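Letters A, B, C and D mark the chains as written, and numbering starts fresh at 1 in each.
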Amino acid sequence: MLDLIVKENKQLNNQYFLLILGSPDELPEMYPGQFVEVRVDNSPETFLRRPISINFVDYKRNELWLLIQIIGEGTRKLSTCKQGDLLNLLLPLGNSYTIPTNEDSKLLLVGGGVGIAPLLYLGSKLKEKGIICDFLLGGRSKYNLLQLEEFSNFGNVFTTTEDGTYGEKGFVTNHSILTNKKYDLIYSCGPTPMMKAVAAYAKSKNTECEVSLENTMACGFGACLCCVTDSVDGHVCVCTEGPVFNTSKLKW
Amino acid sequence: MLDLIVKENKQLNNQYFLLILGSPDELPEMYPGQFVEVRVDNSPETFLRRPISINFVDYKRNELWLLIQIIGEGTRKLSTCKQGDLLNLLLPLGNSYTIPTNEDSKLLLVGGGVGIAPLLYLGSKLKEKGIICDFLLGGRSKYNLLQLEEFSNFGNVFTTTEDGTYGEKGFVTNHSILTNKKYDLIYSCGPTPMMKAVAAYAKSKNTECEVSLENTMACGFGACLCCVTDSVDGHVCVCTEGPVFNTSKLKW
Amino acid sequence: MVDLKVKLGQVELKNPVMTASGTFGYGTEYQDFIDLSRIGGIVVKGTTLRSRQGNAYPRMAETPLGMLNAVGLQNKGVDYFVNNIYPTIKDFETAIFVNVSGSTIDDYIITAEMLNDLDRIPGIELNISCPNVKEGGMAFGTSCLSASQVVREVRKVYKKEIMVKLSPNVTDIAEIALAVEAEGADSISLINTILGMAINAEKRIPVLSTITGGLSGPAVKPVALRMVWQVANAVKVPVIGMGGIMNATDAIEFLLAGASAIQIGTANFIDPTVSIKVLEGIEDYLKRHNFSSVNDIIGALEV
Amino acid sequence: MVDLKVKLGQVELKNPVMTASGTFGYGTEYQDFIDLSRIGGIVVKGTTLRSRQGNAYPRMAETPLGMLNAVGLQNKGVDYFVNNIYPTIKDFETAIFVNVSGSTIDDYIITAEMLNDLDRIPGIELNISCPNVKEGGMAFGTSCLSASQVVREVRKVYKKEIMVKLSPNVTDIAEIALAVEAEGADSISLINTILGMAINAEKRIPVLSTITGGLSGPAVKPVALRMVWQVANAVKVPVIGMGGIMNATDAIEFLLAGASAIQIGTANFIDPTVSIKVLEGIEDYLKRHNFSSVNDIIGALEV
């Protein structure tokens, strides 16, 4: 549990904002796919913490980035954070995406909406390993595609929008890249229907696929057993055995 | 019910602060002794509104003053108000102190601690009527004597502190003025033991006495019947039949 | 235009938004804040046969998103109501119910009888669930036997709508609901307050003069919703849901759970205009979801 | 130095701060956050005879200053506990109680028997109050008859401390407390969760897969405090209070109401270090008020 300082709150548009949190002390090591549990203060409607993915970590500047979509009272309250405010976090929580040891791995990272959040950090870690991945990012419209510039620092960016306002028109699973290229591993994070479609695609190509689930959580560290998903091993906690799952483990 | 804008939040010392609230529209007429019910936003611990006396009204500038002591979470939260914040208020509530028609009335206004709050506005209204009153203000120590300069604009100020750091040492009821002068009416607001002592003094001198009670309230406008005090007419609501009571009506 | 009218047994309300007994005075307290003719109904203060002073101060404690009260049915008695209060409120253009309490069954009977002839009172809410009085009150509502008995006897003398208000302080509320329905209750309202307690740790004393009191406000909403759901699934008569309603979403949850109307209590203290906001919010919801009548969402929870 | 030791029947705790079953895992989940040896006791997860998958997701709903859960006693069964979990936790320097649940009386008996020989387990908490399972569970705790029966049978086979955990979903909790005391309960803990419900108004569906679930957190504190007060005044055995404790002041209120120890549940989710803060806060309070022992404030409410 630690308090981080809000260094900047960038309103990306009226639905999304990016919190850049700083720490005077060294940040603990965090892996891509892990998340934090944020306490939302001064909000009578928000009793429990809110789980948010680690969007990016800059160890040199001791910065942690959280990319957040305004959904309800908790995220709305967080969107009003001001520079200098303190945020209380539990971190890092959960498991992480698998980083392949083989530098020649062909990797696809598929994100939808705010689900792109953990993929930025994953892409950066892959690049550190010498792997340049493909990002396939989708959104309802141009408005829902975020951090494209940041993504392009770490890999090749492909995009779709449902309304065709940016990139290819349609769902991520309709993107031409999927017919043209073959991958060793596909990572995905986003709305469940999207992840299921990606998983189905991967299965059809006999490709391994890792998805990140967003079940509602009360604790985030394995104590409440509220966040379970049905797996081949029965009910397992998304917060400790996940949030990242190889789709072969899920009953999808 | 209306929203007022915080024009200024003056921290008087670490226990007391003065909120100067403004309105673009004309403020309704308010009488001395009346109070407001403040909604405390962004405070999970503060479910109900908080009753606060009208400390002063400046109709020319459309300003309402609230003088507040930090007691618990609600008042602590209010103490963090910043310029430009909106405060939601019900106002004006309750009855008021009696304003004598006779301009020669000899009046004493006895306040203790933050209980001096309504007496400032009362003093200003009396002066409008051409009556210059005596203020007798007491506190535990110098630190608890507030707004002395403002009071001196409307009447003669006498003070006591329990520790002798300012004015006469002792309780208000020990002040020399009480042995030297005779009043037609005594008004009082402050801690109940103080008001009871003042009431006893008034009774001993056959002087009328009005006190302002601070019972805990859920609504502030006569709907819940939670704020009762025992009176010669049985249980009466402090928020509607008070907060000001002639002590002859109370079972003191 | 969406249709907001709901039927509570014999009585039709212009909309499902009512205000709860003991939190809305006689309506007059709210006239400066809202137009009373817009709300569906008002349940006035708990009324007893004889005048009551209620419990000693302190009668209120704030709790986490809720409050405890121990008012103890302070009121001037049914005579005073009939002669002095009724004339001042009878022209309000909304359905006015009188909340009736008693220490004995005879109290209930006589009080109800005296309200029979008030033209503009379409019904009474029989309060068998007040936790804040020593005798009677809640005790009647905590066993099927005594609950049935009160309703049976009052049914004999009172001709108009009898809405029976249940206590949540029971093991099986559906059982009590069935019992009062069988005795002729026209509708059932719930929940009254849950018995609770607050302590001043610094002073090591109870906050309330009565030690325990009745809990209301958002804190009780999940319990109230569950009980409304259980009762609505058990009985055939209309159910009026309440407990912690602060906004339109809360109210809609109760309607979905099976309530034909809702009552707003504690929320009125914090926002005296809340009933109008809830009403407008329900209307918005119905429009947004393309329902033509509020009746379309009553009990419409998909399980 | 103030004396923080309290006695719960046969067992002495180093201090009155325990953690509640189902909210503290097996303690291991909290080892990164706090020094487990500082707290008075841990009640581990609800354990049943056979392994249980628990209820379907979603199992949790946030409510006004509270939460509903419908975990439904997911656990790997008592065998697994004895063979795989016990060895990893037995050296924690705190009193570890196992929370035991069952669908039938035989389940309770066999499970309790299997825990008899675990050296480092000074007692069990008999959960006759879980609202989240279809069979048994809460049903046992809602009538004197069935509550007595479970305790009587388990008492025959289990030699160490039996702490019986009561359900708040009853008309008269003191009556149930007296019944289980008469059958040999060494101590009584309360409250388990209150049955509640949450609805997603936009989707018109219940939030929980089970429709209803158990309410916990600050919202229930006033009800819990009242019940602890009622039970502590009724029975002679020690009472362990819980329900909505978030800080030391809350804990002290329960001690004043008559609890000899307290358990912290939901608060652990929001602040995994809360138990230590509560402990330190109690110590501060005792010093500030010049008490030499925590026993001086147990039941010290002045009424």
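One rule holds for everything that comes next: a residue touches a chain if its C-beta (ideal position, glycine included) is under 8 Å from a C-beta of that chain, and two chains touch if they have at least 3 such contacts.
Just so you know, these numbers come straight off a predicted model, no measurement behind them.
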{"item": "Partner chains that chain A and chain D have in common", "value": "none"}
{"item": "Maximum centroid distance from chain D, chain identifier (CA atoms)", "value": "B"}
{"item": "Distance between the centres, which are taken as Cα means, of chain C and chain A, whole angstrom", "value": "47"}
{"item": "Distance from chain B to chain A - Cα centre to Cα centre, in angstrom", "value": "55"}
{"item": "Whole-Å gap separating chain B and chain C, where each centre is the average of the chain's CA atoms", "value": "36"}
{"item": "Mean-CA-position distance for chain D and chain C (Å)", "value": "34"}
{"item": "Overlap residues in chain A, where contacts from two or more other chains coincide", "value": "44, 47"}
{"item": "Chain C residues counted as touching two or more neighbouring chains", "value": "63-66, 218"}
{"item": "Touch-based graph of the chains, sorted into line, ring, star, complete or other", "value": "ring"}
{"item": "All touching chain pairs, where touch follows the definition stated at the start", "value": "A-B, A-D, B-C, C-D"}
{"item": "Chain C residues within the chain D interface of the complex", "value": "61, 63-66, 68, 142-143, 169-171, 194-199, 201, 204-206, 211-212, 215, 218-223, 225-226, 229, 244, 249, 252-253, 256-257, 285, 297, 300-303"}
{"item": "Touch list for chain B against partner chain A, complex", "value": "42-44, 47"}
{"item": "In the complex, chain C residues that touch chain B", "value": "22-25, 29-30, 33, 45, 53-54, 56-60, 62-67, 69, 71, 74, 217-218, 266, 268-273"}
{"item": "Residues of chain B touching chain C in the complex", "value": "1, 39, 44-49, 90, 215-230, 234-235"}
